[in-house]
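Provided herewith is a single structure, encoded as structure tokens, for subsequent inquiry.
In this document, chain identifiers A, B and C correspond to the written order of the chains, with residue numbering beginning at 1 in each.
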Amino acid sequence: MEPLLPYVAELNLVDHHCHGVLRDDVDRTGFEELLTEADVVSPWGTSLFDSAVGLAVRRWCAPLLDLAPNAPADEYMARRLSLGASEVNRAFLVASGISVFLVDGGLWPERLSGPSVFTGSREFPVLRLERLAEELVGDGPKAFPDAVRAALERAPAVAAKSIAAYRVGLDLAPERPSDAEVVAACERWAGNGRCADEVLSRFLVWEALERGLPVQFHVGYGDRDVTLHRADPSLLTPLLRATGPLGVPIMLLHNYPFHRTAGYLAQVFPHVFVDVGLATHNAGHQAGRVLAEALEIVPYGKFLFSTDAFALAELYHLGALFFRRALSDFLLSALRRHAFAEADAVRIAHLIGWENARRAYRLD
Amino acid sequence: MEPLLPYVAELNLVDHHCHGVLRDDVDRTGFEELLTEADVVSPWGTSLFDSAVGLAVRRWCAPLLDLAPNAPADEYMARRLSLGASEVNRAFLVASGISVFLVDGGLWPERLSGPSVFTGSREFPVLRLERLAEELVGDGPKAFPDAVRAALERAPAVAAKSIAAYRVGLDLAPERPSDAEVVAACERWAGNGRCADEVLSRFLVWEALERGLPVQFHVGYGDRDVTLHRADPSLLTPLLRATGPLGVPIMLLHNYPFHRTAGYLAQVFPHVFVDVGLATHNAGHQAGRVLAEALEIVPYGKFLFSTDAFALAELYHLGALFFRRALSDFLLSALRRHAFAEADAVRIAHLIGWENARRAYRLD
Amino acid sequence: MEPLLPYVAELNLVDHHCHGVLRDDVDRTGFEELLTEADVVSPWGTSLFDSAVGLAVRRWCAPLLDLAPNAPADEYMARRLSLGASEVNRAFLVASGISVFLVDGGLWPERLSGPSVFTGSREFPVLRLERLAEELVGDGPKAFPDAVRAALERAPAVAAKSIAAYRVGLDLAPERPSDAEVVAACERWAGNGRCADEVLSRFLVWEALERGLPVQFHVGYGDRDVTLHRADPSLLTPLLRATGPLGVPIMLLHNYPFHRTAGYLAQVFPHVFVDVGLATHNAGHQAGRVLAEALEIVPYGKFLFSTDAFALAELYHLGALFFRRALSDFLLSALRRHAFAEADAVRIAHLIGWENARRAYRLD
């Protein structure tokens, strides 16, 4: 394995999409259930340590807990418990070398803390749109449209996030819905259960964009609530055409296995940015191929870094580690092919790791 | 080219999905028509020996018939004929090193024999569901549901196989159909032609699973009867959600070019297993990329080996040869990247080549 | 970087799909707007020189204008202007080493010239079907079917091209429409705006094939008018089944990111050919992976070379350069794996670069 390019090893990173870290300790079953997108450890499979990310924990995380590389899973879990969650969280977050986190805090707020609690790094909130709707629907359908607008106006967030992919799929109509349509949708929903209505997902996105808030879309790979062909970013094309004139960025997250399609969208739509998020630590030692594919046709000014780390501090570390490895391999391969000069490689690394996020989210 | 890892070269293999071997000799046109998924040799193309699998026959099969590597196609065919089918079949089946075959015997039963006829290896039958329906529909629509159940109860098979992908596409509804719906479907069909009815394909799958029979689905790549976007495994998601509680394995076969989507399904659904089957010998010297992609996010306890070899004994040999090569390259690349320890590599090889199939099909 | 295989470096090339070259000079903004499939340079991104193809212009085109490799973009643009369009066009077209061009002249005829104007190479016209319809609809709906047939009879073209993917998507019905249906479609359209009607696209394709004209379909990747999931070549399957008996070639262009799906179609349908066109120069130094994937299961007698170069002469040069590099790497990798003999590699290169196009378009 070749050394990382020094300007990739030392690259400042904005993680433009992650979640919080588990405050409490977790046992082996709980750990495995958080390790991949599987909810449970299958009785038909084997341990989820038998996976790229599971083996990466044993290989790359164990040494940070003063264990030998590739320590057995039980030994790893015992050591993790003996150190305690705070110490473990701090160790992995510091090791990640991530300077700035954009945090979707809408899941498990009672069990997770933002990364900055453990490291003092900069942190910006991202507003989860469907959760906002679920909080506001209780005030009644008629009040809903204005309540959403008011909440978006006063939200301290640097971006909003839509999980339409999970709730209704990405086949959203392009039109901005009228308030009457939104009220009717709320009446149908009546706040029973999750916000899972195409009109409402679309309304939330339009209102956020109208207020200048960049909108992140979950796309592709995720937990079993996703139906993958309904989470193809190409389904967003009509909405991307319609929202372009607003001039506010839209970020397509993860995208796996549609990351090439996402790259196309980022090339042809001026306001679209993409990443490979969650796929990075899940593909582990194979993340380089996924990143390289994602970078085939995307302009380098439109690609972002994220971990989509959730709950386990290991995932921030592995997300950053495999991203740096993949980016370094991509650049090294290009340099060997004389694709561009070293100064270009330095610039591309800086754009992808830092500058594109700073510009798109106006982080200054 | 690097030597195979010894524990991959000597790996015991369960081929969890293949067909029978042609008992009789075949001429060059007949051979080419069986070599790929093309029914005929195109007058617009060239010989189908101008393909990855065709060149692989000349390179890797010729020496087993005492010809030079890369012997010309006509020389190969002449030698094959002079040896005779039995001798050729034995040579390639032994060379494959496959110990256990799960055989879908539902196609061309009059022309094909199971591999064990030529090698004495262990062999287990797989029941072809749509063929079963075609056999039983003659007894009348009303008798059909119970006849299917009785046949499944007494079937000696270790698994059932659905070719819904070919007949109706994989967009199957999740609900278990009632007997009344099944009878109505049989009345519509009346046994005229193939079983190509969404209700019936769904019924057959549910009944097999209810009886504890793992169900294999043809997915993706196949002959020209497949419409590829209707054979996307993601279309099965609602049925996978619904059948999970039965706790019986479902195997997604081939999956190319949706093998990453299949890997996602195997990660998030406890009862789902996947392979790349048919794509292995067709991609030939490029099978390594396909296998590596398929292994990006799939848990290593959920991936299987198969050849999908049909009629030509060469395809068992090439399926096993390119699978071993691809698996060895995957593990070597991971070891060079320090992704895991050698003991882990040995374990992964054993899981994929043998243990996952043994466990999922209860082969003991 | 390894030297090109000599028989790939010197390979005669038929570019079976390209457009004309810009006759006039172009400034930096205009150049960037023609460089990728993006219409405009995004205010949210950076310069489109920050892309694989942009960096490739600086690296591989600058030296042909007597600049240093990786010359800055502004220096490149200044030099390009000082030389003038004719000199620049000639330099890049000669450097491409392409001997024969099949040119879709239907876009910007007033601003573009065929490549042969600058090089004296052989050139054959391709008839753009939707443009033909737009020219003929003015004579009235009733006259339309016969007018199309007459125009196709007398057209000097070696092929026709359908952009149904852009206009209506590729989900075309398989049936040949009747003249009554075509007249009705023309009455609905009335020539207002573009030809964007499923019946008409289908009619045009059938009429071209009936007259023995091979039909090229734009598939997959293109400008923002494409909705990618509606440009999946798999959607053409019913039409491919229906048109097979005509025995006239159909060419699927570009196909990215569905190039594996296209390979499947070329394998199973005798009259289907494929390429990766536009993706070659856009993926730039990464084109090798795209080409290798496209060649996984396609018979080597069914794959073609094209640049899809449009307006900028650089794109012919880069298309040919990255194609040669990708093909050489594919063959070298196969030879290292002993996949076939050197004579086979020579033959595969000749088939793909020259012979398949010559045969399919009857270029003699």
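By definition in this document, contacts are C-beta pairs under 8 Å (C-beta built on N, C-alpha and C of every residue); 3 or more make two chains touch, one makes a residue touch a chain.
Keep in mind that what you see is a predicted model, and the values were worked out from it rather than measured.
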Turn needed to bring subunit B onto subunit C - CA fit, degrees, nearest 5: 120
Interface residue overlap between copies subunit A and subunit C, same or different (over half shared): different
Subunit A and subunit C, separation of their C-alpha mean positions in angstrom: 36
Per-residue multi-chain contacts in subunit A, two or more chains: none
Complex contact set, residues of subunit A against subunit C: 232, 234-235, 237-238, 241, 247, 249, 260-261, 264-265, 267-271, 273, 292-293, 295-302, 333-334, 336-341, 344, 347-348, 351, 359-360
Subunit A - residues contacting subunit B, complex: 1, 36-40, 42-48, 50-52, 55-56, 58-59, 69-70, 221, 223-224, 227-230, 256-257, 279, 282-286, 289-290
